[in-house]
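The chains carry the letters A, B, C, D, E, F, G and H, assigned in the order they are written, with residues numbered from 1 in each.
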Amino acid sequence: MELIVYLAGQIHDNWRDEVEQIAQTKQLPLTFVSPQTNHDRSDDIGEAILGEQPGDLYKDDAASDVNNFRTQVLMQKADIVIALFGEKYKQWNTAMDASTAIAMNKPTILVRPTSLIHPLKELSNKANVTVETVEQALEVIAYIYE
Amino acid sequence: MELIVYLAGQIHDNWRDEVEQIAQTKQLPLTFVSPQTNHDRSDDIGEAILGEQPGDLYKDDAASDVNNFRTQVLMQKADIVIALFGEKYKQWNTAMDASTAIAMNKPTILVRPTSLIHPLKELSNKANVTVETVEQALEVIAYIYE
Amino acid sequence: MELIVYLAGQIHDNWRDEVEQIAQTKQLPLTFVSPQTNHDRSDDIGEAILGEQPGDLYKDDAASDVNNFRTQVLMQKADIVIALFGEKYKQWNTAMDASTAIAMNKPTILVRPTSLIHPLKELSNKANVTVETVEQALEVIAYIYE
Amino acid sequence: MELIVYLAGQIHDNWRDEVEQIAQTKQLPLTFVSPQTNHDRSDDIGEAILGEQPGDLYKDDAASDVNNFRTQVLMQKADIVIALFGEKYKQWNTAMDASTAIAMNKPTILVRPTSLIHPLKELSNKANVTVETVEQALEVIAYIYE
Amino acid sequence: MELIVYLAGQIHDNWRDEVEQIAQTKQLPLTFVSPQTNHDRSDDIGEAILGEQPGDLYKDDAASDVNNFRTQVLMQKADIVIALFGEKYKQWNTAMDASTAIAMNKPTILVRPTSLIHPLKELSNKANVTVETVEQALEVIAYIYE
Amino acid sequence: MELIVYLAGQIHDNWRDEVEQIAQTKQLPLTFVSPQTNHDRSDDIGEAILGEQPGDLYKDDAASDVNNFRTQVLMQKADIVIALFGEKYKQWNTAMDASTAIAMNKPTILVRPTSLIHPLKELSNKANVTVETVEQALEVIAYIYE
Amino acid sequence: MELIVYLAGQIHDNWRDEVEQIAQTKQLPLTFVSPQTNHDRSDDIGEAILGEQPGDLYKDDAASDVNNFRTQVLMQKADIVIALFGEKYKQWNTAMDASTAIAMNKPTILVRPTSLIHPLKELSNKANVTVETVEQALEVIAYIYE
Amino acid sequence: MELIVYLAGQIHDNWRDEVEQIAQTKQLPLTFVSPQTNHDRSDDIGEAILGEQPGDLYKDDAASDVNNFRTQVLMQKADIVIALFGEKYKQWNTAMDASTAIAMNKPTILVRPTSLIHPLKELSNKANVTVETVEQALEVIAYIYE
């Protein structure tokens, strides 16, 4: 049974590559989808398509149109959502994607370091499972196939 | 037309193997999914992934996170749910899975011995079909293909 | 803000009266609804309305028709569900009602003694809050009004 | 036509009082509900009801159970959600509540300072209206009654 | 707790009056709504509002627009649906209203004479409760208030 | 684009074969599913699986369990529903299946002779398209592929 | 039974006043809600709340935020929607509001002159009832109370 | 990941061919579906299947039955909707299809010239992304595959 996994979270390091490698090692039949991980591309996509906007607010809003469109298409296709919070980049987008997934009844795994236990306690409480490492998140998914 | 069948119920004997054998004999194009049937693995999965917990309550809650995650993924994929109640192991989990399936509009077959007619009367009344043996449950599914 | 609370669970002792008294003491604007708590009436209601049935299975099924009808009407009206599991009467109906409530997005409080932690771990994990006493359940509801 | 407004956001200053005063001045028939705004009470509510927990993670999880229960009850009753992000307290809970409200089709107003335009661009893009002050948020609601 | 009851079924005798009288005798806080019970008015309502139509098909379709509009408004308001099948008038509309109610999760009571057991077996099987007289249907509703 | 079509309606003549032949002639990529079309098998299926029942009511109810289970599985898979009413067999089951399909947002085609215009006017009004012959119903579906 | 009616459509003449007068004459217990009917206010509301925008596109988008917010709040409260199309002002907003209402299962009445039969044929086909005058629309609603 | 895209909008020029060519050039794995683009066929389809109708209103209504049926089947299959408004043909059908898609949570791209900014401002505000050319619409979809 093949499953599609949406990888929500920061786009500043290569944690998604790590996820894919672990999945390959474990031979899990997973397809991964994610937001745009090229940060500049993500910020500039609105103007890249629609042309120059009259200020930062409008540039950001144009980019968000396209980023939210992408996320909606892919998350509707996903069977599972992994949402990762790192210590350095405390993005609201990850909280938004995780909450949206939970409200859509997508089985959701939260990955966060122990330092973020307190500020993420309500979101963690609503997620299906909360773990500390991506390795653990993949163990949770591997458990489906046992 | 291939169908996915979730097999809810006790994990203490090999009734799921029996189901699969009958399906093979009848040549029904069914894929079966189920909860973790290794009881110890099911009880220990939380600590296996998250490490030791500070007591039984927390060990159980950690295991439930992962077990519920698994069930949610697989039940959302299922077209049909069979829920079996045996005389020996009167699990609330089976009632929980059957009720969730019914609330999700999954066509649901209840299997229970006549000794359990009275305590299961309301759940039986909500299920699509109630039978006494897994052989009968498979006859109900075979009827779809006639 | 008045709220309607459905009290699922065993019908063999007066725990619902206790709940109502605590609510009155705390001056909470709650209306309580529940299944039929007269056990004999609950078992006999099918035959009382439809006449004698040709055996226990049919008597039970007739009673369940009416009991499930009642529960569906009242649970659809409820804002909150409390589901109580006692040590003596381990009813599947309570698991069924709690699971149905959770699947209907009704905020749900589970009340169970510590002796039932293990068999109820998955259901407890899906409920919003799990407590050990009805007093605690009312404290959870009182917290909404703080 | 009376409307219920859920006020999501930081609980560290008195912005909710300001909202209520503006509503009174404008004579809007609104009822306001909100999360627990006493920060200590919010952090301690789990242990206050359930007793001491074996560590901070468990204390936080117990508190989240009750806080999420409260939010779910009140947000289901709400007709409108206002979610405020301030410069000082960048809570993920506000992003979680706003995203949940949007996924539940609750008409949602985001309040955030211009300094937060960039990090909140996707959430702002999904909200119905984004403004910079609570006064503006109330003008949006007052517009319904014109 | 006041409940709204939609009375689906034939419009040729005064069974709805009987229902209302029984409810009054039992002092049940019910409000009854129903389709147009004046048969001619029901058949003519399309032309009464829209003017003469170019044939019976069009007259019927115009009337159905208005009758279906009425039913949709009232059934969405209803908490309970009673659907009565009599021996004389075997209307498909009653089967349509009952099935729609069941698909909308409205708790539904079927009333039918024993002579109609066989042709109504599948619909009866999907309804919450099936009885033979309107008196019995009201006993089922009265049971909610016990 | 392959589509699954559920064929609701009387099971007394070979209209479903006619449908399949027209579809083959038109080379439409359709898969047809339907209720059990062997009338005796349909009436006897409950006792065939569950054993002898204590009377006609119970025999019918047992059969309905299985027939409704089959219909629910297949209709959930269907993209389109065709519901045929003939002059001879005026089954309530067809009205039930058509209404359920419409309430599930399944695009639905009604086939009925002109003699049934009046009694089916409300159901016809709710269906997407009403035609008089199965040939016409297939023309409607063929139009999707133009 | 009081009902709330949303009046979608052009905001250039006083047809909503006419609707209210007819309702009063007929003594119908209706509450009417509608979009902002002051055209300038509707166009300027974005800048009135958010300040000057960098061009017409942005001014229009800011106004739409607030107008859509208002419509969403009021339409969620409505039991019935009337959508009027006039000959002079052929607004897409009316088509948008009517379609949204139909998708939300709000019983919907379309009012349009005969000159618009052809361009509105698909929308008319999806609405519950189509009439030519507001007087007729109110007759349809009055029929609910007969 | 293959995606199905519904192309709503005017049927008077070859903009859909342009869309398909751009998709081919960009090597996007998209399947396009659309309403009937042969205008005469679309207007005549009702009479083509059902025979002559007693006037234009009835001819139009018969055609709409079939056109709406086609749209419902195809839009339910679609992952993405593109809705194009041109300067010449200001169809309400496009607004209807776009609004229905948005209400069904289909990610939706609006294509409209700058001359239509004002009359389409509320619909544009509800769509995920608004662009001015079909080339831009395909860039938005291509971004999903980056």
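FYI, a contact is a pair of C-beta atoms (placed from the backbone, for glycine too) under 8 Å apart; a residue touches a chain by one contact, two chains touch by 3 or more.
All of these numbers come straight from a predicted model, not from anything done at the bench.
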Checklist entry - What is the set of chains touching both chain B and chain C? => result D, F
Item to check | Least step count from chain A to chain C, where 1 means the two chains touch | outcome: 2
Item to check | Contacts common to chain C and chain D (chain labels) | outcome: B
Next on the checklist: When contacts are scored as defined above, which chain pair ends up with more C-beta pairs, E-F or F-H?
Outcome noted: E-F
Item to check | Equivalent interface to B-C, taken from G-H, A-G or C-D so that over half of the residue contact pairs match | outcome: G-H
Checklist entry - How many angstrom lie between the CA centroids of chain B and chain E, rounded to a whole number? => result 38
Item to check | Centre-of-Cα separation between chain E and chain C, whole angstrom | outcome: 31
Checklist outcome for this item: Between chain C and chain G, the Cα-mean centres are separated in Å by 44
Checklist entry - If you look at chain B, which of its residues touch at least two other chains? => result 65, 68
Checklist entry - Got a list of which chains touch which? => result A-B, A-D, A-G, A-H, B-C, B-D, B-F, C-D, C-E, C-F, D-G, E-F, E-G, E-H, F-H, G-H
Checklist entry - Hey, which residues of chain G end up touching chain H in the complex? => result 56-57, 60-61, 63-65, 67-68, 71, 90-93, 95-100, 102-104, 114, 117-126
Checklist entry - Contact residues on chain A for chain H in the complex? => result 31, 33, 36, 38, 41, 45, 48-50, 65-66, 68-70, 72-74, 76-77
Item to check | Interfacial residue positions of chain H with respect to chain E in the complex | outcome: 54-55, 58
Checklist entry - In the complex of these two chains, what residues of chain D are touching chain G? => result 1, 3, 79-80, 105, 107, 109, 128-132, 136, 139-140, 143-144, 146
